[in-house]
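Below: one structure, written as structure tokens.
Note that the chains are named A, B, C and D in the order they appear, and that numbering of residues resets to 1 at the start of each chain.
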Amino acid sequence: MKLRTIRYFFREAFVNLFRNGWMSLASIGAVASALIIFGSFLMISINFDYIAKNVESQVEITAYVEDSVDKLKINQIEYNIKSIDGVKEVVFVSKEQALEEFKKQVGEELLEGIENPLPNSFRVKVETPQEVAGVAERIQKIDGIEEVKYGKGVVEKLFKITYWMRLVGLAVMAIFAAISVFIISNTIKITVFSRRREISIMKYIGATDWFVRWPFLIEGMLLGFTGSLIAIALLATGYSYLYDMVKMNVPMISLLPIEEFYDYSLGLLLMGTVLGAFGSGFSIRKFLRV
Amino acid sequence: MKLRTIRYFFREAFVNLFRNGWMSLASIGAVASALIIFGSFLMISINFDYIAKNVESQVEITAYVEDSVDKLKINQIEYNIKSIDGVKEVVFVSKEQALEEFKKQVGEELLEGIENPLPNSFRVKVETPQEVAGVAERIQKIDGIEEVKYGKGVVEKLFKITYWMRLVGLAVMAIFAAISVFIISNTIKITVFSRRREISIMKYIGATDWFVRWPFLIEGMLLGFTGSLIAIALLATGYSYLYDMVKMNVPMISLLPIEEFYDYSLGLLLMGTVLGAFGSGFSIRKFLRV
Amino acid sequence: MQHIIEMVGVSKIYPGGCAALKDINVKIGKGEFVFLVGPTGAGKSTFLKLLFREELPTRGQIFINGKNITRLKPKEVPYLRRRLGVVFQDFRLLPQKTVYENVAFAMEVIEASPREIRRRVPKVIEMVGLSHKMNSRPHELSGGEQQRAALARALVNNPDVIIADEPTGNLDPDTSWEIMKLLDEINKKGTTLIVATHAKELVDAMKKRVLQLEDGRLVRDEERGVYCCET
Amino acid sequence: MQHIIEMVGVSKIYPGGCAALKDINVKIGKGEFVFLVGPTGAGKSTFLKLLFREELPTRGQIFINGKNITRLKPKEVPYLRRRLGVVFQDFRLLPQKTVYENVAFAMEVIEASPREIRRRVPKVIEMVGLSHKMNSRPHELSGGEQQRAALARALVNNPDVIIADEPTGNLDPDTSWEIMKLLDEINKKGTTLIVATHAKELVDAMKKRVLQLEDGRLVRDEERGVYCCET
């Protein structure tokens, strides 16, 4: 293929983009809408994951120390816990601290003058929340540990919920990815269809399949690219607006900061462009058979 | 208009539906996808609301009774609380019951042999969760009530969250309704565009605008109707699948049963049909000006 | 003689500047048979397009049956067109419909009864000699067959005026003659006919009124005229 | 004389059952000028469509330059078409492109250099007398102008064979004559010409080989023939 032919392809693609006026706009609109839909679900799904991680990371193990154990032994136990694989953080909570916290929880006056019944304890955070049961078991075996609690049952439930959140998020995202692909390729197919006569004429003049196809491919790419850019711009604006609103009004929920989406936008851009190009490239096929 | 003309319109609409083969399929597909998207958001938004209501309905007021108050007075207090506007349910919790529950929460052994420091109390549920502050205030004023607690601060936060859940749900739904409308009308516009020559020929033969438009309108209606039916079928299948899965695997989350969506499906069906009809009816306009 | 068509100082300048018609003044009586001749690009099709309001004149007035059609409201245009039967130079058959359906469509537009349609359509298709292609779609027809289908559609409603733009351009001389004879018969029954054509021999033989356009101007208007090679 | 086109036992039955060509055997030599005549629907366009592979024959073989084109792979078809210049009965101009761009497109297809395109295209458009409409789109042209634009596109690449399907159907006699003279000149330079036409006078005057089709059969093959009114 000659360089001038490539130049011709690009010129042709651009010229057609403008000559087809609102048809091009309609395609760009379709790409943009489809990607806004997919992008929204992507964002929701990623935020689901983020919130799930947040919740999971709050899971911790409480290891109660036997009353008989002295200061030195406690240091030793702390060291032992720390050296368990997967332990991220160990905090010692003395009898006194525990009472203070308990008083705050229950109400000071109720416990006034009662002898402190609470033991010393460690609060242990693990690296991967799913390992909590294993780590708890190993802590249990350490000499001087009376009892280990990690919300057995509740933690499993929590993991089940977060697991399902993630699974449903992914499944829904996959479905909507498919729908988006369908909407984009569908629209492009119809626009190519409405130019089938043109395509057949080109073939009758002696154009090869690829000579007809390339400008369409490039045109599709440009449509897809423009549509994706619009989608990304709208998504970014919408999300940062939502983010600020949520941050101001519902400070207890923390959404993923927008910066985390930069890589994903590149993915969306690529998706739109590739779909535009291939949508055109494939739809044209059956009209080339003349 | 004569009856036979109406018959002609319907015949013409059906014939065109089939003659345009995959173009019709493409339109149906677009309507279906758009409504699946909108329908999903509708379902999510309604479930948000449902879950929010669920959570809100768990808000309750605890009213602690002065230690000095006797059995008779307690009955009187209960009666007084019940007669407050907006109170839905009042449950008496005796000192002993309270201790039992507390023991369960904290761990039996820790509280062994301690004199019960907890007072008698009432648990009060309100009709409209948002009224909880007002009701609490009025309970406070009743003679013999020592203190009223309803998670002040936490409840407000909760309402803020549920308020935002609802608002975001609605906003997102509105946005996606708009996108769905755009996708449907966009696709139909393109298909009408690809038949612009036909439309102009009919006009040159002496057809009135409405004579040309009616078959398109009916065809659009049929397309929209079929597309909506497909969307509703897929949504129903998908949702009941999700519902069963969640019910089995994550029993603590309860989704709205599918029966609740019957009315909404009718809405979707109407939306698809009307959009199909009007999409065709409007898009045709500019091609009629010959 | 009553004038069914009257053009007064009509000019047509297309967007882009092409002056297709320049100050045309012409009267055509009821029941006349008029040939419109002239070299390619002279403005014949434009002349005809003005009559059925495909185009509006840039200047001047056009009267059909005494009514100024340049002032028609969009709503009134279909009713004008129904009184004219038009054979378009590019046929304009509906691509999705068969020959029968294309012709029937013109009757459906005027809300004719199904019985009337079933009776009349095959007769007209027979008249143009296309009975064997009744159920073919336009793209399955030869050029001449498409042209005759377009003619059948123009005839089917017995219009007051038939406007034909090169109705024999894709026909062999024999078939052209038959079509011309058919048009002549129709004309004899009282229909006004305006036929743009390049078929020199037919014009010469028919001895009808000839309007000659040249570069947008009406240069000749002759009763019982000929195609005329030199002007 | 070398045969550039040869048909052996060619029949074409369209889906639907219409037998458009029946057992055609014909040889056309390099540099010949052949008229294809016959009544409407006789199969002229079908004959031509077989040559540039718009249609495939139901039976029989077609050789162009000794190569059997019924056996071509889809990939080879464009290269066959590039050696033929075709004027289609329905013009087939690209609706979005101007006359200049339509003609230039045929050169872009064969990857001609931009300089060559800029040199050649205006010259060919001039040859068919359309210089003043170079920048008009097809829908802004009269029927005859579209036809000449289609002719210019067929000529522009100096093809071995020019196939023209009624190239004067929308032209007045004078312009038709000029176009025929132009084709004759091109033929004199060695290009083979196959022209389907209804223009009796032109055929009679040109005294070229005439192939007459009737109802799908080749009924006459005459050197220096005439259109012939009766068969």
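The criterion applied here is as follows: a contact is a pair of C-beta atoms (placed from the backbone, for glycine too) under 8 Å apart; a residue touches a chain by one contact, two chains touch by 3 or more.
Computed from a predicted structure; not experimentally measured.
The set of chains in contact with subunit A as well as subunit B is empty. Note: the chain lying farthest from subunit D is B, by mean C-alpha position.
In terms of their C-alpha centroids, the spacing between subunit B and subunit C amounts to 62 Å. Subunit C has its Cα centroid 67 Å from the Cα centroid of subunit A. The centroid of the Cα atoms in subunit C and the matching centroid in subunit D are 29 Å apart. Interchain contacts close the chains into one ring where each touches exactly two others, per the touch definition above.
Chain pairs that touch, as defined above: A-B, A-D, B-C, C-D. Residue ranges on subunit A touching subunit D, taken from their complex, read 1-2, 4-5, 8, 16, 19-20, 197-198, 201-209, 211, 289-290. By the touch criterion stated above, subunit C contacts subunit D in their complex at residues 14, 16, 18, 37-41, 44-45, 89-90, 136, 140, 142-145, 148, 165-166, 169-176, 198, 200-201, 227, 229. The touching residues of subunit C, when paired with subunit B in their complex, are 52, 54, 74-75, 78-82, 84, 86, 88, 92-96, 105-106, 108-111, 113-114, 153. Subunit A meets subunit B in the complex at residues 23, 26, 29-30, 33-34, 36-37, 40, 110-111, 114, 117-118, 157, 160-161, 164, 168, 172, 175-176, 179, 182-183, 186-187, 189-191, 193-194, 238, 242, 245-246, 249-250, 252-253.
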